[in-house]
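One chain, chain A, links the two complexes that follow: it is found with chain B in the first and with chain C in the second.
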Partner chain A sequence: MTGRIWWRIDWRGAAVPIGFLVIAQLAALNGDLQSDNLAAPSDVAVACWHAIIDGTLFRRTLETLASALGGLALGGSIGLFSGILFGLFQTVDRLMNVTVEAVRPIPSAAVIPVFLLIFGFGFPMEVLIVAFSVTWTMLILTRAAVAGIETRLLEVSRALGFGFGARVYKIILPAALPRIFVAFRLTVAIALIVAVTVEVAANPQGLGYTIMLAEQTLRPDLMFAVLAWIGLIGWALNAVLLWTQRRLFGMAAIDEPAP
Partner chain B sequence: MSGSRIFWFLASLAVAAGFIVLWQYVADARLISPAFLPGPNRAWAALVDGMIHRDLTDQLISTVMRMIYGWLLASTLGIAVGALIGISPTARAYLLPTLEMIRPLPASAIIPVSIAFFGLSERMVLAVIAFGALWPMLLATVHGFAAVEPRLYEVARALGLSRWDVIRKIALPSAMPDILAGMRIGLTIALILAVVGEMLTSTEGLGQWVLFAGRSFRASDLFAGVILLGAVGYVSATLLGAAERYLLRWRISH
Partner chain C sequence: MTIPFRQQQMQPMPNGKRTQAGNAEPPRSVPAGALIEFERVSLSLAGRPILQDVNLEIGKGEFVCVVGPSGCGKTTMLRLIAGLFTPTSGKVRYAGAPVTGPRPDIAIVFQDYGKALLPWRNAAGNISLALEAIGVPKAERQERICRLLQLIGLADDADKFPIQLSGGMQQRLQIARCLAQDPVVLLMDEPFAALDALTRQELQDEIQAIVAARNSTVFFVTHDLEEAIYLGDRVFGMRPNPGRIVEAFEVRLPRPRDWLTTPEHPEFLGLRRALFDFIKKVK
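Right after this comes the complex of A and B.
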């Protein structure tokens, strides 16, 4: 099985990053690199190894992921609940239209000082900013998913005399689940981005702060190590969720362009 | 039809007004300390006062300009490089995996790297915006070019079109919907990164305005800035949406 996958991988895609690393390493060795903003790939690898050994990298990763996932749980469930409500009842959707469209465009970075003022540094402020940013995407994609349900399914549920709860659990959630999962995957990415942004801009914790600190203490090796680590986490989260999505839903969960 | 649309718009406007009244009540009853939550009256007064008597208008203009410059830079780069990669299957095979791997990297993680190279400067903010807003447009262009109906390329070959003509007359129009969707996401990212950049570099702009207002406990100034930033987000998204509909009016609507 693995042997078959081995030769199927298109190695041309790997040529560019590997070539880049080799050239960077050779250039660093030749030029006897002494720099505040560049580091040889080997030094970056060493810095990454040290950060893993002394536990800082994992501790910082946990802080970032805790904020991102906490905010995702809070904002995601608010968005999911209102999205189902808006999708089912057009009246609610139309009545809330101006309110949603007025609050939604506020950039997530703009609310950083608001929550900073109320909560100070720490987890609550970061979790709430992530929640604020995630809510709207979740709401809109869930609303679209619920509104896109085959109307005959809803007629069937009515004919069967389902109550509201049974209708949501037995018809709406299963029918909308593939697209809600796509929304979940997109919001996971947003949650990570916002968490790192809050840490870079203000909050002294997590990976965003670590990379900021590495820059300020003139440690380009550590800076690039954490940068690569953040990239790896973002890539891995997306890859795992994409795999799950294909595995669970197949063609039912084709990506919709973001609204 | 349009009569009922106006009705629903007015009704939802009334709901929004209801929320503002509720906000005013919560602030007046001091359910939340006025140090954190100014009423809409105080936020509005701070907004008007800031625009007329202080430099809030200048802050607004510099944030908008920064957002637009960075976004234009990212769009130009993204579409040009995306077209070069997208038109050639060989270039796609070599470069696309790398690009897809860099894409999920949170753009704000680039900020420290950019600071290391450019210092806390205007150029640093522009570089970050350009890098962060680049990806949606770059990848939309590459994928849009890859998804062009193969027969169109055959037609182009039969007509003896040059590579530039193929890009301009066939691939670009066909990839346009993807590219425009990417540009819309890119604009949102550009605004966020402009605000963060201003916060970190203390250059003139709304990001710096809201951060300083928050730090010195001027909650009404803070809310005025947040309202303005929301307005910038709303207006830019609406304008781009209108441009998108205009540019894609030739498409068969479904």
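Right after this comes the complex of A and C.
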């Protein structure tokens, strides 16, 4: 089974980044590179290695992932729950429409000062900002997933005389699940982006803060190392989720090209 | 020498050819005490009249077919019996009591089996859904599922998902799910319209056998006039704008019926002509 995920990755996609790294390395070797704003890929690799060895990279990654996943769990479940509610009851949807559409466009970076003022530095502030950003995407995609359920299925569940709880559990959730999972994949990416943004902008922890620190201490090699590392994490998360999606839902999943 | 059926029926009706179904003399096949009754039922949806003044009595164990052009309210009547619609005026009664909502002893077979089955559950799981709905304990489910799969000819396909089954098999599965409810009444909404001719005949014969064995009451909506004659004890003809029952045909064909000899029966031919004339007229 583990062999399959590697099999499915199209390694031709690696040609461009590797080519870019080679050119950057050659340029760094031939040019006269001052090390206070750029770094050769080899130096970046060395910095990355050191950060891995001394444990900082691992620790910072955990901090960022904890905030991202914590916020995702909180905002995701709020979005999921209200999305189901909005999708099932048009009255609720109409009642909340203006509120949702007015709050949703607020950029997550814009609420950083507000949450910072209320909660101060640390996990709670970051988790809540991630939750705030994730909720709307989850809500809107879940609402669409629930509203898109085959009406015949709802009729079948009514004709069978299921109560509301059984209807949600036996029909609505499983029917909407493939699309809800796509929403989950998107919100995982959003959560990671927002967590790092908060750390870069304000919160002294995690990978975002490490980038800021590297920049302020004139360590471009470390800065680029962390940047590449975040890219790798995002890519790996998406690959794992895509693979899970395919295994769980197979044909039912909305099909996308392999990672 | 057989008299065409319609003349037979019209004889006691002095006032013209068309009869209000509700006013017609009760045909002999209806047992005393109707199981399903429509009493002056009208239904409007969004201000548009769909059904007007429908009177109908269906006896227990009766196989009733309804034909008529699209939009004449056939499916609406089915939904009224199922408790999925409430009449705007008039009464729909089941076993003497007004229909207030869906109930487990009334099962619906939809035409679009592909949409009515749960794609994430296999054949056994889809049947299990109905058993869960009527509260059959988990321990008993497996055995009942096996029996139903066998009855409907899907014994080897318990683990297959709907998408892996042919159209005919999917419809068999939906019928099995309905039978799992142990229904008294089967409501069938053009159940075989989407199937190929051979599969359709196969399923018509199977439903005939199942209904005979269980003494089910069936309300069968169809566009296929021959199917209506072949299966029904009575056939009702409806007319659109607004939908109403305008003619009733009694089918006095011996049972069990089969596709080889029954269509050659003079009664079948007479009814076929009468129904084709009727449809041409109301279109």
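Quick note on the criterion: the second predicted complex is superposed on the first by the 237 of 259 C-alpha atoms of A that agree within 3 Å, B and C clash if a C-alpha of one lies under 4 Å from a C-alpha of the other, contacts with A are read in each partner's own complex, and residues count from 1 in each chain.
Just so it is clear, a contact is a pair of C-beta atoms (placed from the backbone, for glycine too) under 8 Å apart; a residue touches a chain by one contact, two chains touch by 3 or more.
Here the structure is a predicted model, which means the values were calculated and not measured.
Asker: Who does A:F224 touch here: chain B (first), chain C (second), both, or neither?
Answerer: first
Asker: Touch test for A:L95: chain B only (first), chain C only (second), both, or neither?
Answerer: Touch status of A:L95: first partner only.
Asker: I'd like to know which partner A:D10 touches here: chain B for first, chain C for second, both or neither.
Answerer: The first partner, chain B, only.
Asker: Once chain A of both complexes is superposed, is A:R59 in touch with chain B (first), chain C (second), both, or neither?
Answerer: The answer is neither, since A:R59 touches no partner chain.
Asker: Pick one for A:P174: touches chain B only (first), chain C only (second), both, or neither.
Answerer: The answer is second: A:P174 touches chain C but not chain B.
Asker: Which partner, chain B or chain C, is in contact with more residues of chain A?
Answerer: The partner making contact with more of chain A's residues is B.
Asker: Should A:R246 be classified as contacting the first partner (chain B), the second (chain C), both, or neither?
Answerer: A:R246: touches no partner chain.
Asker: Which chain A residues contact chain B in one complex and chain C in the other?
Answerer: Dual-contact residues (chain A): none.
Asker: Can you check the complex and tell me which residues of chain A touch chain C?
Answerer: 150, 152-153, 155-156, 158-162, 166, 170-171, 174-175, 177, 251-252
Asker: How about chain C: which of its residues touch chain A in the complex?
Answerer: Going by the criterion above, the answer is residues 82, 84, 101-104, 107-108, 110, 112, 115-116, 118-120, 129-130, 132-134, 163, 181.
Asker: Taking the touch rule as given, give the residues of chain B at its contact with chain A in the complex, in rising order.
Answerer: 8-9, 11-13, 15-16, 19, 36, 93-98, 101-102, 104-113, 115-117, 178, 181, 185, 188, 191-193, 195-196, 199-200, 206-207, 210-211, 213-215, 217, 219, 222-223, 225-226, 229-234, 237
Asker: Residues of chain A touching chain B in their complex?
Answerer: These residues of chain A touch chain B: 10, 12-17, 36-37, 94-99, 101-103, 105-114, 116-118, 189, 192-193, 196-197, 200-202, 207-208, 211-212, 214-215, 220, 223-224, 226-227, 230-231, 234-235, 237-238, 257-258.
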